[in-house]
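Alright, structures below, take your time with them.
Two complexes, one shared chain (chain A), two partners (chain B, chain C).
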Partner chain A sequence: MAKRDAPALSESKPAKLRARAAWANPELLPVAVVLACAALLIIATKILNPGSSLTQQLSAVLVTSIFLVIASFGQGLTILLGGIDLSIGVVAGLSAMMISVLTDGQNAALPWAVPATLAFCGAIGMINGLGIALFKVPPFIMTLASGITFFGVGLGFTSGLAQQPVAPALQALMSGYWLGVPIPIYLIVGFVIIAATFQNGTAEGRQLYAIGSSPQAALVFGLPISGLTILAYALSGLCAGICGLLLAGYSSAATLDIGDPLLLPTIAAVVIGGARVVGGKGIYVGTFAGAIFLSALETIITVLSLSQGLRNIIEGVIIVGALLLQSERWGALRRWSH
Partner chain B sequence: MMSLATRLRPARGAAIAVLIYLAMYFVYAISEASATSVFAITNLLDNTIVLAVAAAGLTLVVLTGELDLSAIGVIAIANVVVATTSAGVLGWFGSLVAVMLIGAAVGLINGWLVVGLGLQSLAVTIGTMIACEGVALVILAAPGGEVSDTIANGLTGDIANVVPVAAVIIIGVLALWFVFARTRLGIAIYAVGSDENAAGLSGLNVRRTKLLAFVLAGVAYGCAGYLLSAQTGSGDPRASNTFLLFMYAAVAIGGTSLTGGRGGVFGSVVGAGILTVMQKMLFALGAASFYTNVFSGIIMLVALFVGNLSGLRLRRQRGAEWQSATPRP
Partner chain C sequence: MNSLPRRIEALPRSLLYCAGVLALMGGLARPTSAEAENYKVFLDLSYSGNVWQTAAANGIKALAGTPPYDKTVEFKTVISGTDVQHQISDLQSMIAAGANAILFYPVSGTGLNRVIEQGCKHNVLMFAYDSTVTAPCAYNVSSLSGRYGANSAQWMVNEMGGKGEMVINHGVAGTALTDLMDRQALGVFKRYPGIKIVGDFYGNWNDATSQENTAKVLAAHPNIDAIWTVDGTYGSLQAVKDHRPDRLVVIAGQSNNGYRLDIGNQAMQTKGLKGLSASFGPADGPYAFKVMMEVLTGKLKLTAHNVEYPLPWVPYNEIKLCTGLAFENGCNTFPEDKVPALFIDTALNGDLLPELNLTAVQNGTAMSGATIKPLPAVTYADSLPGVNCTDCKPPADWLEPNRVKPIPVPN
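Coming up: the complex of A and B.
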């Protein structure tokens, strides 16, 4: 009962500031819960599928999570600003198409094709950011509209046909092993370190939090709001672009709608990770946990061979459930943990 | 406060939308000789009504300052329910009642989660949308089913070979809207959307207003799904997937502010018309079909840009009214 006094203490300013400075803190508790749920799902998958080992299941979940891990970083940045990026699926699809068309099955073209593709995707994100920051178009609409528009452009260039030859190096990247561990897992580790460091360790990252939690205060402090907004959306486009490259390598043929199934799960991953949808709260490690959880869920649903319908119902209920937990119970948990 | 007349006057955006519609229809009519025949007009309106009714429902929620993505889920459920029951157990009327109830139930869940538990409407309705699509897939896993002939023929033809049924439905929707906008609830929806705190202080029940907006929107989505079934004649759990973008495009093009309080169903119906006539126009001009996407996106952004400009002007004007009103007790 003595803990009852804790909340009052935590409301005082220095305590709050200290909490913000050590980015670990109470926000890690929900992250641990999500990761634990993912672990349970992976163990359950193994039990349901006795022929496989636990490490096999774990690496399968991790490898398929790479798309979500990368794309939801960008989504998380825009949500941190109180926005959203609904163009992610289209951008990933365009990226996959573009890399296939540019390389045409030749590794030799990769050194210039990869930067060109990523620059194109980053530029789409930048256009989103420009519209949102300078022309004050609601993020939701701006990204939706640019998504429709660029999908049309992609359709015009490719006539909607699947692009078959994907550079072998990209395919090798997604299916190869190094020291007995799938290469995508190394990519995930590297990406998570960079992403978490950017979002929670750099000045730009902290400024995004400031803008998200109070745009007015950020304006008063003289933060470069427009610049950071454009940066966040450009990074989101870039992440979607990387995702598209990997998708092309993974499925060895690119279609324009290859990224579409990715869009809603990126939002789900961010929400499950404990981010506040109106902005200003949420850490990347949480989003990462959300992505792993969704990937584990997808795997177990596949193993159970549940119908797509049940799969959707479960996913929808989990999103709403995560929102509910976040709004009330986790708030209480967080207060207790202080 | 704005006078009632000012509030109910169609927004500037809606007027622009009507002009765009007329211009596009004109281009379509001169480039395609048969465009003005009863058959072509019926076809055009048939293509419009599903989007128009869905966008009309969405408009109610958007006017209160919330967002709703659940529409495509509800349309999907309604479509498969009609395809599985209308030719059998429920008949055409029973299935209409069923889809309206389903829409109302989903709207109630959305509203309760948003209003009762204070969750973000965008995130909540993403969840309910996915779950509803799942329910639709459980009811009908693959395209199929059968829509009763009463629905399929009755809602797509012409009355006495002159008046398209779709035109009657659109006029009905607009008539309902003009009555509804003048009811207590209709006015409350605008008040809540333009300033929630002020609306609450002046005695309006903000929570109830938002909840009812979600429920009515759900009913509209259910009806849109019913109309979709009449068009397609069968059930497809994924038929509504492309609707989401175009519903918001219709609302935005019609001049409804996506932050609430400004606009109306009239504009959204015209917006839906624009998106449909645009496809016909581009096709008649011989443009490749992908231009439709590019055009939709650009028109949407232009509409928003114009809407933002007039919104700023309105806000400034309202600010002035507010200042002149404050000294009074």
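Coming up: the complex of A and C.
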């Protein structure tokens, strides 16, 4: 178990085995199951509404999942370390507000405003990481406190609503099509490739697994625990920042609370995707599958006009079910796959 | 964000507590309203960072800074968050600190009753705005009795000709407002068998959430004809514009400037857009402040405790662009370059609040050269049991439309 969870510690393994640990991981099987469930939900929605188009259903689910797909990558990295990032919603809101203020509706400002906004969001994440890695502040306290603080800063400067319009190019990015496919779907594909490659295909990504599995062992092996912790939280801030940019473009307007609904679903997506909440386990493709599943679930719940109570019960049961499966989770499937 | 711990704007909470304790320990006599030349007035907000709440708070602050109140009112603002216990604690501190009047956005209709009664016993005027409380001694200033749910639903039914597919964008699950509006609206829709509700969701009064959910419903039901909302209207309409730009919908809801510009746009009207901009306006807060100050200064004597703030009501064919910074000469919408799309136009009211303009409600500062104008006669609100009173009877038709005449049910 430890070897599979901590590929960075298994440098002596043959390259073939290491590749298997990263890519042919048995964890891919539950990911496939989650994706299959999402597909079934989309098909069920189509069956329930014969007049609708399956392509449009799929497109709606994917386009509206982009925020979760991106933000939950950052959340997944922090959970991989055994932490959590409760500032994601605030950072996304700040990003949306900042891009509106900096661009003031002008596309010409985007080349510098986008990097500036993302740098700011990454810096918030870095502050979180510094507090956690160097001052040993518990992650939920650190990220909650920084979220409150930066929300206050945003509120002081903006009163909660950006007075400037969102740059038209950002709006076009989120509502446009290329070759008949919504542009956000291309963005999802690109992001998933980059994120999965980082988390499961780079030395830094593999070292995060090692730290999450056993910080003490990682320390013995001389891994840069502090640096990697700061990196993970900085990436989480960066992802929340990207998410905020896209939310501003999608909504054509920015408010400080625009990212608030994202926080809990990012945690749910990571858990449903098979990550262990105490860290050290989970692959990004699983988180991606969790995000798509949640988006498909939300769609069918909306279309079925279920009461809010029932909606909450369904979503709660799914999350708890995913957690319960963690202990003996997929054990039989893993054995079967071997 | 509403769950974030409360944030105090004007003064640290610890100072507030100290002031209250000192006032009690020192036996300092709190001046009654009749004795006071200067009034100590508190504004207790529920949460901040929300466009609606910010606009309401700014309007109130601007009025508090407008002559003569800029000289006669010692005005302080506290943000209590969304937790009842926190708001109770803050209200207690304000009473102890010698408040003459407290204007508050209640986070609970019944949970604050004890502290409200405590304030009344100390001769503090307790005024709730927008949301209401059931404490008999409190004053409620609200549009709840304007029957938005029933009237907007009937307006939509009339525009739809009594038939078609529609989507309901509820507000926030579990809130009294959402429950009341749903009961009124669904009661109207159910009377028309040709109206089919094909989807509903809780948009949480949030435009981004509303847009996402509307997009999902549109994928499953590409032929919807109408969307009923209380808020999140701009987001819902954005989703329709993105996914079905050539066939728009009948829609009712909030008063964001971008939404009003859209429903007043003739090109969109030719594509089927028929919109109603109504719902609950942030100007309710400043209006409540004016009513409260007139009572406090003895200029107005209320004969009932429930005052109605007139329900804003602007259908698509009554959109009129403003040329200046205020709602004057019947205008009700600003050009695109003056305000952001989500600015809520019902933060202003040219008739009841001529002291406020765009700058005032955006910055919370008094309008240059303005002085407080006397209010016209107030309208009293219906008694709604469990909403603004306890032992009371509602009007027999309190769930029915009273502003829009129903069309006959089509054959």
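Basically, the second predicted complex is superposed on the first by the 309 of 338 C-alpha atoms of A that agree within 3 Å, B and C clash if a C-alpha of one lies under 4 Å from a C-alpha of the other, contacts with A are read in each partner's own complex, and residues count from 1 in each chain.
Heads up, the rule we're going with is that a residue touches a chain if its C-beta (ideal position, glycine included) is under 8 Å from a C-beta of that chain, and two chains touch if they have at least 3 such contacts.
Computed from a predicted structure; not experimentally measured.
The superposition on chain A brings chain B into a clash with chain C.
After overlaying the two complexes on the shared chain, residue contacts for A:I267 are found with chain B alone; chain C is out of touch. In the superposition on chain A, A:F151 makes contact with both chain B and chain C.
When the shared chain is aligned, chain B comes close enough to touch A:F140, but chain C does not.
Of the two partner chains placed around the shared chain by superposition, chain C is the only one that A:D257 touches, whereas chain B remains out of contact.
With both structures placed on the common chain, the touch criterion links A:Q308 to chain B and to chain C.
Of the two partner chains placed around the shared chain by superposition, chain C is the only one that A:T64 touches, whereas chain B remains out of contact. Of the two partner chains, chain C is the only one touched by A:E298; chain B is not.
It is stretch 135-143 of chain B, out of 135-143, 189-197, 261-269 or 315-323, that runs into chain C when the two complexes are superposed.
Judged by the document's definition of touching, chain A residues 147-148, 151-152, 155, 160, 308-309, 311 lie at the interface with chain B and also at the interface with chain C.
Contact residues on chain A toward chain C in their complex (touch as defined above): 45-46, 48-49, 51-53, 56-57, 59-61, 63-64, 89-90, 93, 100, 147-148, 151-152, 154-155, 159-165, 175, 247, 250-253, 255-258, 260-261, 298-299, 302-303, 305, 308-309, 311.
The touching residues of chain B, counted against chain A in their complex, run 67, 113, 117-120, 122-124, 126-139, 141, 237, 245, 248-249, 252, 258-259, 288-298, 300-301, 304-305, 308.
Chain A contributes residues 84, 131, 135-138, 140-142, 144-153, 155-156, 160, 264, 267-268, 271, 277-278, 307-320, 323-324, 327-328 to its touches with chain B in the complex.
Across the interface of their complex, chain A is touched by residues 1-2, 4-5, 7, 48-51, 53-54, 58, 170, 173-174, 197-202, 204, 206-209, 211-213, 215-223, 234-235, 238, 242, 258, 336, 339-343, 362, 364 of chain C.
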